[in-house]
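Next come two complexes, and both contain chain A; in the first it sits with chain B, in the second with chain C.
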Partner chain A sequence: MEFFDIYEIEPSFSISENELKKKYLVLQKKFHPDRFAHSSIEEQKTALINSSLINDAYQVLKDDIRRAKYLLECNGVEITNHTNPAFLMKQMEYEEKIEDHSNDKNQLLSIQKELQEELDQYKDNLTLDFDKKNFDRATNQINEFIFIDKLHLKIKEKINQLS
Partner chain B sequence: MALLQISEPGKSTDPHNRKLTIGIDLGTTNSLVASVISGEAKILEDNNYRLIPSRVLYEQDQILVGNDIPSHAVSIINSVKRLIGKKKDDINANDIALDLADSNDIFIQTPQGFKSPIQVSSDILKKLKKIASDYFGDEIYGAVITVPAYFNEGQRQATKEAAKLAGIDVLRLINEPTAAAYAYGLDTKKEGVFVVYDLGGGTFDISILQFNQGVFEVIATNGNSSLGGDDFDQIIKNYLINKYQLNSQGLEEQAHLNLIAKYIKEKLSSQNTFNETIKFNNQNYQIDISLSEIEESFIPLVDKTIQCVKNALNDANLSIDEIDGVIMVGGSTRMPTIQNHMKQFFNQDLLNDLNPDEVVAIGAARQAFVLSGQAVDDDTLLLDVTPLSLGIETMGDLVERIIPRNSTIPIAKAQEFTTYKDGQTMMKIHVVQGEREKVSENRSLGEFVVKDIPPMPAGAAKIKVTFQVDADSLLTVSAEEQTTGTKTSIEIKPSYSINENEIRKMLEDSFTNAEDDKKFRSLAELIIDANQILELTEKALHNDQQLLSDHEKTTIEKCMNNLKSEITKKNPSKIKQVTDELNNASMSFAQKRMDRSIHSALTGKNINEINK
Partner chain C sequence: MAYSDKVLDHYENPRNVGSLDKDDPNVGTGMVGAPACGDVMKLQIKLGENGIIEDAKFKTYGCGSAIASSSLVTEMLKGKTLDEAESIKNSAIAEELALPPVKIHCSVLAEDAIKAAIEDLKSKK
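So, the complex of A and B:
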């Protein structure tokens, strides 16, 4: 839970992005190598290690997927790639839907909205799963979340290309 | 829990113990040096010139830089920034009006022998340092040097080496657009998201920054390190050649036309037509060009920059209406074509309040002052990113990305490797930089050889390799065997740049040259030197003559025979001259030999450490 400790926040899936960002800037202002550019070589090395760690932790904590994976890892849970058949069907339906409407911006926008709602739902589920330490379900939810997130990105790119 | 190791930065700075710091904008066309004087960042002038042309002239007995070069001089080295940290394959030799050595590494022929782009850059830096130390009448404590955001590892490393060679203590390399945003941000105190459009003489950068709570955070950067104002000059030049049937054969004519084209570009930045008589090849030409007749040929270049802007916006996940300000940097952004296109693209007025030629140096000077710990009430901070992804070669010519582009620096990433043979004690890791999937399509940074792995069965060793990118955006690599805790050593064979022996040699050379009063070294010393190089060359020929073409070998042997005969004649200046000739003749040979031997420029060791 090192990364959460650095940011002095309780390990959990739901965190305030604003608070995290604020804390990030405060920490970097204190530990960044620029603050030690005139200090001894030893202090400069320490600053490099500290600042790198603060950056690394920030990248993990601010990203939903990486934060969830990190929480699982800290709890000693191995992430498996098992997907249930019902979700596989859903996957294929989405792929087909996007393919069928690949030139229709309005349709794509409405699919995007659908996907966004799905993502929000997964986030709620993950919050609950981690709070209840239901790691098996959390693993399952993350795998699906990753897929929906990829689709969401893909559709966003398509919309950008059309506009 | 002490996760972060505490060490408080030196808080109290003795006001009487002033540290003179400077900011250097080492540009393709012009360079500037600035410093914070009584709280204000100011450009330091060179005999009333604010811009120091980035040009060097090597004569037999002296080196002239910038404004010191007489206007009629020929064989001037221009735009060396386009060459720094590059190989011959990376450049279009036709674009560069210079005599280059016949080797893959770039060496420029001068009356003082072959010079590497690092040496030429270091001569410009020496001049800038001298302007500052003359101004203050004191030694310079340290400098911030700016580089294009899109410079790769090799180009950054080479710039830092040039600074070392010039005897400058580099407090930090910072990105040019970041320096510009810093100058603007401190000026206006306005928070928000800013785009910096930086079209330099030979490089183009786009950076998107967020200024928030006193932190300038770069969100994304993109660009092209071989696109700049010079390319617009080339278009004008070719247009002139066609329209007026000019004879452009020869390096001198090319160089002269470059100057004429630049002059016309500058004129057309403030007026719609250019009508002047120009002297070229001892003939007068009446030149009449309107902006509208040439503007269309600029469009492909402008479009290239717009593509970079779009890429950066995409990486930053931002749309145009989220941009709070657009900062224009670089003299070429005065061109109406660029101003109009950018205004239209961003749908807002551009920020031009600070002089686009000077804003980078001003930002660098302020940052140097802050880094020296003297800016007591200033707690602003720059957080920059890596411009290009770092990865390693995996099977089948594929790249595995370790540190993605636009990662905030400093950053460290560890990766675990294992052995595939019983008792394997060495392992090779090939590091590349770039965004392509295939190794061969990215830039190779070097091969890291992990040595001293304790012998174990295949797959048992766990070698943790850490890739550390520091605040200068420079990479170091370290490795440790996890099961035994053995610190394995790493040797690097960079694919670019020179090795440290050569830097040391150049450093020694520069000290020798600096001591003007010691011009005439004793005959004894000269003969010792001469015999030493003869001996070294003989040994090298004995071991590695297969690296040389017949022609190269004959040239070297001829120089050796000349030197042997001069030593017996005991004429100091002759011996010196022929020693230098042999040195030059064997330079590319030495380079080839070095290329084969493993060296360690990437490990971040500095000159002082090597000299110990």
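So, the complex of A and C:
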């Protein structure tokens, strides 16, 4: 849980983005390689390592999907690609709906809203799964979350193209 | 990255796009997906009285290579027995379409779809 330790945040799926960002800015400033320009080579090296570790940790922690995968990894859980066929069927129905209404901005916006609600629901589920250490369900939830997140991005692009 | 002519051909003129009745006892449906790329693939096969696959349909949302892999697979499946169908390897698909290494997983997905469709069909018997 090194990444969480760096930021002194309790390992969990639900974290405060604000708190993370604030701590990131403080740590980044503290270990910025420019501040060590006149230090010994050894100190410069340490600062560089710390600074890149701070950055890597931030990139993982601020992203829902990467944070969830990191938590699974730290708990020794292997992420499989298996996705429930019924869920995939529903994904396909979403794709068909988007295809059928590709020029109808209002319809696309309402599908986008539906997807956003699903994403929020998945986030709640993931918070619960990680709190209860139900890693099997978390693995399954994160796979489905990735699918819906991709679809959500795709529909956002389509809406932007229509605007 | 450039697609091979064969991928483009299947992508632009996909064969056997569509659906079969998933409740038909002689129809097997395979649903597979790749979370990393968001691809979703549905492959359906229909078994004739003689134990030979008489029809195959697919519907895929994904990249050109995923569409081409599933399109090609529907062509390969027709006229085969289930045992023959089960022995189709992703390497044969990748080779036929000249898929680059980064797109091999699309052919793996197509092979998984065949296995899932056969499994679904067998579970109905």
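Methods note: the second predicted complex is superposed on the first by the 163 of 163 C-alpha atoms of A that agree within 3 Å, B and C clash if a C-alpha of one lies under 4 Å from a C-alpha of the other, contacts with A are read in each partner's own complex, and residues count from 1 in each chain.
In this section, contacts are C-beta pairs under 8 Å (C-beta built on N, C-alpha and C of every residue); 3 or more make two chains touch, one makes a residue touch a chain.
Nothing here was measured: the structure is a model prediction, and the numbers come from that model.
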Touching partner for A:146 - first (chain B), second (chain C), both, neither: second
Touching partner for A:89 - first (chain B), second (chain C), both, neither: second
Contacts of A:34 with chain B and chain C, given as first, second, both or neither: first
Most chain A residues touched (candidates chain B, chain C): B
Partner chain in contact with A:81 - chain B first, chain C second, else both or neither: second
Residue ranges of chain C touching chain A (in the complex, touch as defined): 31-38, 40, 42, 59, 61, 116
Residue ranges of chain A in contact with chain C within the complex: 81, 83, 85, 88-89, 91-92, 95, 143, 146-147, 150-151, 154
Residue ranges of chain B in contact with chain A within the complex: 1, 3-5, 7, 9-10, 19, 171-172, 212-215, 217, 314, 370-373, 379, 381-383, 407-413, 468, 470-471
Partner chain B, residues of chain A touching it in the complex: 2, 5-6, 22, 25, 27-29, 31-39, 43, 46-56, 58-59, 160
